[in-house]
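Given below, in the form of structure tokens, are the structures.
Consider the two complexes below, in which chain A is the common component and chain B and chain C are the respective partners.
So, the complex of A and B:
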């Protein structure tokens, strides 16, 4: 995204580089964000594993009066149907993160393969058609296209994953194509060709790793968007369906009784935010470190 | 973050003139970029068309339900124009669009163009108010943090905006609506006024919600491109030559940094077109996003198809506009 003149950057750096003390601090800073993010994620995963196992209450059945405020018996209170919000909120961890992971991994894999394929292919027709298709898919807001596809497939989390696979790949493909074209012009690809390495070796040992590192980095920050998208769709009633313990669906259920009870909305909301912030810090930390390596 | 996405649109051009392409004239760039936008808009049209035809089973029976008689299914098929072969369907569809005909709602029998005319302005107003608010907040914020030399400020800024990126818009919307609408009762909790100054009373809170989601993204990108710009030679030259005040901030610092932000803003406006769906749903605004959700729930396929087309074309147009403004602001931006 930078528009800095590449030609003068190296000698300009002699004057413009920050003193070593500051560079060291910046490096530490990116690592700190990364550690905090990973810590938050691990804490979430452990709680998501332990709470459903150790909780005395089932997630999907009524265990007490509706709308009991948080107390020693029900740490996060109970919701409108008398279910334990604490158990439900943490039961949702693996569902939300699992669906989000699939919603990122499938498009990531598809997009990277298609993007690299486009950069490598010699056929102008294939390139033109698929590139325009990518542009057209990217022209739609992800949420709108997902909603439209769910209209056809019927509401549910499978439809959400399917819709993400069908639409989100185009973003990865665009990134992978741009990156692969750049990598293809690098010296080491030229060197590999000159050394007489086979095409597949150049492709899999040099091109694919260098492109996929980029798409994976994007995938990490995409996790935030996808988590929000999944819970948003569930909130609209198009994703996870009511009895399921899912953050967006839980917020949607508690929404109409917000005047009576804040806890059935706020606790799932807080965990949703927690998960998003964890990935945000991880992505931030990684991009900070990369920036430091480059500078 | 989504901030990576538009990088494919603005390609940095080496200004040293070595091996770079021949500099394009502005009008030439604009025409070429517009041509590409037209092609994409056509593909968007085809996608919207295909989407409905890809339904597993057939849309007509899906709309009418299981109890439908074969005659009524056939009748609806004819009404939807699904009784002819796909190529003729596509031709009819494209010809229809050029004549301003997007089909008819199966639920209300209202022409889809009427649906769009009724509900789109509300959404456009919402986007307009949000964008103005976001610009008014982001530019001074990013500028202040880039220019004021307090060492800890950038770290605080990065951390706070990293949290801001993860904020679920629908939760923010719910909580603000509850706080401002119920507890303090200073914002309407539903309804809309179609006249200009009065509609702002209904739009300010949804725009604030959109803003809370947008400002972190936008100010981060603006901040990092400001930092890059401040490192540039010409800024130093400017300082040495004694340029100061508005002239310094606009010509030397802000204007060279704005291009990536404008491109991102136009991209984010597209993303926002999507998120307004949820915002309108929560604030009960009669916008086109809420109408899309309704159409989906009632399986009103012609309306779904029409609204998706409008959304797609809107985004294509917005990103075209963003790219053109960016290249006018900064001649180093290449339009592809």
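So, the complex of A and C:
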């Protein structure tokens, strides 16, 4: 096999790769927010790791007078039971983020699989039944359904994760199904078929990555909602139970004495906000880059 | 580089399409015919142009060559597509596996969504190359580079690790052509490969297809609605109208001495030969709706030479009007004086 002499083909000069400068500029746009978001998240994770290890105070027991204002000894003050708010707030980082991660990952995986399955299945009955179920679940606000399920399961963080898995998958499934139907029409799926690739190869190497990139991006922005939902449920007394250090539960415990002491409520609230902002930066940065790739 | 050099000595035609009927089964009794019927051959190492307006069935004929009619819920109702002696209309999925990619390559219409956006160019081509059992694992990357070079992509070592979004439309289509020829097929079917591309880029893609033909003696089927674009590249042209072939012949005959009113009309409406200041010539009337064809010659409502017998009976079959030149017009003798 001889190669075509490059010298004979000067006409292709018109369509070279874009110059490196342009590529760098385009990348910068999405990356700045991504770096800020990941930086904020890492800072939070490091603090969540170091504070419980290095703090002289335990998280769950009284270490001083109740409602001591922030000072050199108690940086964030003490709460109504005399516990150190600083230690408690950062101890809650891994609990809150961990539960949120599970609360996103499980529905994300379930929903993506079910959604793609619906898009490729030939069975009208399966499609009809599951699609109706998805629409029915999506018709209710997530919080209402979650509360109803937790009422059945009994309060606790396991119930929160379970309730999220049972309800939130429908949102991912709807997204994945729509996306999979669109992707199925794209040239590369047809190309994969015409190149003689097997059905499973086309499905797993070409369809799934193009759908899961979309649901994962949605999952990242969903992290914010799920963190708020978990704190919200704990605030209502349905999630983390006292004396567990959890942001929502801490805010709930401190709210009755808000006039005397703002610190037991404000610091967990600030960290909740911090985590939310970090994830929204990451989600926005990723979807920005995603748009660049897809365009 | 034909897969079976012995056969090319004995048989002249790589593909022979006889009375091909393609349609959609809408209900148990209701069939919508899209192609009825197509008749033409594709020679070895020949570039065949397939020309026709939207709805003429040219894409459906292409799809029957690569077995993807089902994606559009269409199927073959009759006729044969003989590829190297094998009837493609009778193949099952298992049989297609050995044909698609290996023996028949396909360049899709949509250059912009052709390559998978979440895989690098190198990975995608490697996937196609690896299907060809002849290429051993250590040589895959070498072969991919060779392919990128073949389709004239500059700096292949950079493009290898780039994502499709970083490439221009022309480059993406070149990547798709590289994928289509990766397994050394006998024939490449290119369904309007230059849709949405710049005119200069179009010319480049055409030139590339021509090079591939002479380099590897692959046959190429080039589908287009643009007669001007393909008449410089093709050896022969098949003109399709309303689901049937109305004229088949060497490019010089079909483009310069057309023997069917539809081809004549197509030729007159070419933008590249329109005189400045004068209104553009169009074909009068609208193309008949798919499957709802008039009886007799399906062009009779738009033709300047319609006679009594043009409007009755079946669609007229192709007949010889010159060496290798076929026309489906019943009154080719009338066309002579007013052609020009």
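Assorted remarks:
Following the convention adopted for this analysis, the second predicted complex is superposed on the first by the 259 of 295 C-alpha atoms of A that agree within 3 Å, B and C clash if a C-alpha of one lies under 4 Å from a C-alpha of the other, contacts with A are read in each partner's own complex, and residues count from 1 in each chain.
Keep in mind that, in the parts below, a residue touches a chain if its C-beta (ideal position, glycine included) is under 8 Å from a C-beta of that chain, and two chains touch if they have at least 3 such contacts.
Quick caveat: nothing in here was measured; it's all calculated off a predicted structure.
In the superposition on chain A, contact is made by A:186 with chain C only, not with chain B. Touch criterion not met for A:65: it reaches neither chain B nor chain C. Applying the stated contact rule after C-alpha superposition, one finds that A:213 touches chain C and leaves chain B untouched.
Using the contact criterion defined above for the overlaid structures, shared-chain residue A:205 touches chain C, although it does not reach chain B. Note on chain A: of its two partners chain C and chain B, the one contacting more of its residues is B.
In the overlay built on the shared chain, the residue A:231 is in contact with chain B alone; chain C does not reach it.
In the superposed model, A:194 makes contact with chain C only, not with chain B. Once both structures are placed on chain A, chain A residues 1-4, 6, 12, 16 are touched by chain B and, in the other complex, by chain C. By the touch criterion stated above, chain A contacts chain B in their complex at residues 1-8, 12, 16, 29, 33, 132-133, 135-145, 147-153, 171, 174-175, 178, 218, 221, 224-225, 228, 231-232, 235-238, 248, 251, 255, 258-259, 265, 269, 272-273, 275-277, 279-281, 283-284, 288. In the complex of the two chains, the chain C residues touching chain A come out as 1, 66, 68, 71, 96-102, 105-106, 108-119, 127-128, 131, 146, 149-150, 152-155, 158-159, 162-163, 165-168, 170-171, 176, 179-180, 182-183, 198, 200-201, 203-204, 207, 211, 215-216. Note for the complex: chain B touches chain A at residues 1-8, 10, 12, 14-16, 18, 39-41, 43-44, 46-47, 51-52, 54-56, 155, 158-159, 162-163, 165-171, 174-175, 178, 182, 221, 224-225, 228-229, 231-233, 256, 259-260, 270-275, 277-278, 281, 292-293, 295-297, 299, 301, 304, 308, 311-312, 315-316, 319, 330, 332-333. Chain A contributes residues 1-4, 6, 9, 11-18, 23, 186-188, 190-198, 205-206, 209-210, 213, 292-295 to its touches with chain C in the complex.
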